[in-house]
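Take a look at the structures listed below.
Here chain A shows up in two complexes: once beside chain B, once beside chain C.
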Partner chain A sequence: MKWNPEPILAIFKMRLKVYSRYPGWIILDIIAPIIFSVIPFLFAVGIAGSLERAAEIFGNYAGTREFLFYIAIGSAVWGFSTGITWDFGMWLYEELETGTLEQILLTPVKVYELLLGAILYTSFISTINFFLSITIIAILFNCLHYVLSIDFVLALLVVVLGIIPLMGLALFFGALVLKLKEPWAFFNFLTAFMVFICGVFYPITILPPIARAIAVVIPITIAIADARAIIFHLNFIFNPKIDLILLIVYAFLWPLLGMHMYKRVEKELRQRGEITVF
Partner chain B sequence: MKAKGVIRDIVTIAKFNLKIEMRYPLSYVGAILNLLFWILSFAVLAMMFSTGSGYEIIVGNMILWGIVAYLVFQIMLSEVAFGFVRLQRRGTLEQIFLAPIKEWTLPLGLVAYSLVIYFVFSLLTIAFMVVFLGIPLIIRNALSGAFNFILFLMMSYGFALLFAGLMLRLKRAGWSLVNFIQFFVMIFGGVFYPFRSLPEIVLFISRAIPFSYGLDLLRTSIVDVDPELVPSVINFLGFTISGFLLEELLVIFISVLSLVIGYMYFIATLNDAKRRGYLATY
Partner chain C sequence: MKTTEHHAVIIAENLKKIYETKVPIGLFRRKKKRVIALKGVSFSVNEGEIFGLLGPNGAGKTTLIKILTTLLLPDAGRAIVNGFDVVKQPEEVRKSVGVMLMGERALYWKLTGRENLEFFGSLYKVPKDILKKRINEIVEFLGIQEFIDRLVETYSSGQKVLLAFAKALINDAPIIFLDEPTVALDPRRAIEVRQKIKKLKEEGKTIFLTTHIMQEAEELCDRVAIIDEGRIVAIGTPDELKRTIKGKSAVEVDIVCSNPKTITITEKIQQIDGVHKIAWDVTSSEKGEIVRIRVICDNPREILPPMMEILLNNGVKIHYIKPEEPTLEDVFLYYTGKLLA
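Presenting the complex of A and B:
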């Protein structure tokens, strides 16, 4: 299979141009993880009665008293992953809603190239937003020493490795959106489910075994837990080697599954003449 | 006869929207699951941080009513402000406004419909929180709570109209603005925590948001504790009034004002859109 970089770059640039026209969205994407870090933090302080008591309790469960930055890492990685899955799925849906999806799919380029361009754009934007959010949180809450360490660079590498399976996940969910035509329903469920199961606000060790088993199937669980383990010197999900192998396996498995799902749905819609039907 | 006709129009709009929404049960399953998993996530946090002092029951109830109130605000904004833009985007808004009904009945019909949805979601929220967080429900002053809830509805509707007008003008850029406001209110409006646990700097911002007073009055009157955003007793020019009364007067003022401003701005935008022809363009 021969790849042509031109359409990939063209769709990447087109989407970037549209995004840059709405600075409000850019700001919102950056501040969302900050908000989702501060809310559970203040909630915890409210329940525990004081910041000191909250930090002490959190330390007993998670192994570190730095619970704001701990939650911030979870929220930023979660924001980054929902950004990738949500944006790509919504893009497909918006093209379907406005009736332009069929036109796009009729352009004389391979469907892989179109999808790759769109997913690369989403991943690029989400990565930049992730980095900006975490840096702002670190500056605001006096945690910059964590960001300016080698450990943080290593943690970033783990998060970046998690992008590949996320692209596959995005494709998988994007195909589901095309089939079900109700993206809000789907993403409403998915975003909240990921917060609960992937340990965004707390360590997954607190969840029951069955929930933990489901959690490790989702790549961002590993990305969140391992990034925290590196930064705060905590336990990994299994151990560094097994976690890395799992991420690499997911990096192959999820894109293949996503592509298979997408091709199946597209074929189905094409046969029924529903690509342009909203 | 005239009033009867208007009520019939509002009920028709509400029924029309409900009928459409009922055709997409999946979106409600998604929204219910969203609610469930968010509450489960906070339930895990509550379980971790609970100290067993007994004060958590009051805090839990404050959070519960905070979420219920935020749902009103959020649903009104979604169904009224986003609702108009959805219609504008699909190109049906101009057709709808050509129907022989009063213009102000359309947002009211959307609100009536969203309140039906809200009622179901509020009951679910209360049930989820009572079950998963183990919070015994406290309703000590139902009458005062009901009155303050009506004020809160008025305030939320006023803001929803204001944002509906803004979104008709701003189009896609307006989505991020309204989303930002929802986030802003969520964090500074004390939805997930009592105001008393907030740091002074956050409290300073909370006091500048009208929503905070509506929420504070609503939940403290239901749970029957002193309001958190105003002192318990205020001495002014030799007169002594309770903090509760002051907050009550303040919320009545804000509710009426936001309703008047919201309505005026919405109608002004509508007329402007008709004149300049952007009612049907997105």
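Presenting the complex of A and C:
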């Protein structure tokens, strides 16, 4: 039978239309990356006394003096990745609260179609935010040459490869959100935890060994570290080959785990009659 | 000899459902509570008929609809919809049914009515050209042209109900579930919707309908099932059901009375010989609380004198008292001991 992507596109279009009807969201999404881009600059000057001194200290442990762009890459990849990871669960919860999840689940739409529709939308919004924040930083701090290099394109490929395991992670978190029904507490805790463990603002080499072991299970860590390694010619987490294999393994493992978890939770919700309970 | 064969498109066999809920008894402590929603429900719905499900709040109507539309899994029993098992073949069941559940929360308020229909139609994978044509047909069929291109957030409750009805038709399913389809509509719109439901039946659709409105059930339904406390207590055509209480009569009484006194009065009336069932409901008016009492009895002539005595002795003002032929509402009262509306 011919594959029909219509449900995926319908979810994408529906969410985009709803987004476009809240102009405040759009303005906030444009302003937020600018504000976040300036924070590391202010931190550096505040702590080290000057940009030059900050670059020197940072270069000693990170291997590059370009700390502003280093952090920008980390936070942009992290923002993009967490957008994909969280959005599905938060969207499902929103649908649960508004009552439309029940209506969606009355249709023959499949779980993967729901997920891909949601991810298509998030990827679209996150990609705009990603390029916006990277470009602003690059222009503000004179790093445009990094963005225009072939290494930047390669780094983007690593990020794109990292999206597949993230889909699994998204399903996994989506299932947890539906089960626990406390998305914000869960979101706030795990966001802070992932900023800490995935090396958004620093290399994970400075973390204790146990934290590093946990970090490499999360595909976002590899995407961030390898994107930086390619752009700044730094060390990869293991080496390019192993990192790539890990990403490929996660690309199978996380979606399988996520799908299993989601189906289990959905069945549980249908069993308990909790599709409308939030 | 030509025979009419009835082909069942919905079959429920001994469906059971128990909810386990957690009631908070402190900041972090929860107490488990079991609620038996369905206690072994069996029935079938024939192709092309309008089947009505009547029951008071909490009787198990919504649970039953949710099981038949795959939103809820039964704990025991089996349900077949359009030839597909609701547990083993949920996707096929979903393709076979159009569903309108009660409430306004079924729609995207930040989309227009048309955008809502386009979205849900796409989830059913209706091809684009067909979908566009079908939406126009549904809009014309329901007469909702005036507001279909406005954002749903600007709709009245009745308009939202009509859009939810339109949504149930978007996949052109052979079986349509309608949960209280006229509940928020003004009388004119309600009549129109009933006519549309009849038209859908003429087109060969099977309609599974829940309603609180007895006249609606009598007017629309080929067969009716009465559900109470998780059991089907009676099933048949409206005429068949009325015949089950043949030989019994109804008496309707309207009085102005306070609540505690009504309880005393109805308890006394219940004790009169020949009274089978009694139920009452209250509506407030400028003059006070108007109590409508409905009594099922063997012979109104025999119960009217003692009933009048009870009413007059309690000093209530009688607005109206009249023996009547039993209606579907009386069948409902007879089997459940409750008034529906």
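Everything below uses one rule, namely that the second predicted complex is superposed on the first by the 258 of 278 C-alpha atoms of A that agree within 3 Å, B and C clash if a C-alpha of one lies under 4 Å from a C-alpha of the other, contacts with A are read in each partner's own complex, and residues count from 1 in each chain.
By our rule, contacts are C-beta pairs under 8 Å (C-beta built on N, C-alpha and C of every residue); 3 or more make two chains touch, one makes a residue touch a chain.
In this text, all values refer to a predicted model and were calculated from it rather than measured experimentally.
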Task: Simultaneous placement of chain C and chain B on chain A, clash or fit - done: fit
Open item on the list: Output check: A:Asn4 vs chain B and chain C. Expected answer is one of first, second, both, neither. What do you get?
Closed with: second
TODO: Figure out whether A:Arg270 sits in contact with chain B (first) or chain C (second), or with both, or with neither.
DONE: second
- [ ] With the two complexes superposed on chain A, say which partner A:Phe252 touches: chain B (first), chain C (second), both, or neither.
- [x] neither
Open item on the list: Output check: A:Gly99 vs chain B and chain C. Expected answer is one of first, second, both, neither. What do you get?
Closed with: second
Task: Partner chain(s) touched by A:Val109 [first = chain B, second = chain C, both, neither] - done: second
- [ ] Treating the CA centre of chain A as the corner point, state the angle out to chain B and chain C, nearest 10°.
- [x] 80
Open item on the list: Quick check on the superposed pair: does A:Phe196 touch chain B, chain C, both, or neither? Answer first, second, both or neither.
Closed with: first
TODO: Could you let me know whether more residues of chain A are touched by chain B or by chain C?
DONE: B
Open item on the list: Can you work out, in whole Å, how close the C-alpha atoms of chain B and chain C get once everything is superposed?
Closed with: 5
Open item on the list: Let me check the overlay on chain A: which residues of chain A are in contact with chain B and also with chain C?
Closed with: 22
- [ ] Going by the contact rule at the top, pick out the chain A residues touching chain C in the complex.
- [x] 4, 6-7, 9-10, 13-14, 17-18, 21-22, 98-100, 102-110, 267, 270-273, 275
Task: chain B-touching residues of chain A, taken from the complex the two chains share - done: 22, 24-25, 27-28, 31-32, 35, 38-40, 42-49, 53-54, 57-58, 61, 180, 182, 184-189, 191-193, 195-197, 200-202, 206-207
Task: In the complex, chain B residues that touch chain A - done: 24, 26-31, 33-38, 40-42, 44-46, 48-51, 53, 55-56, 59, 63, 172-173, 175-177, 179-180, 183, 186-187, 192-194, 197-198, 202
Task: Touching residues (chain side chain C, partner chain A) in the complex - done: 17, 19-20, 63, 66, 69-73, 91-92, 94-95, 97, 99, 101, 103, 105-111, 115, 118-120, 122-125, 128, 151, 167, 171
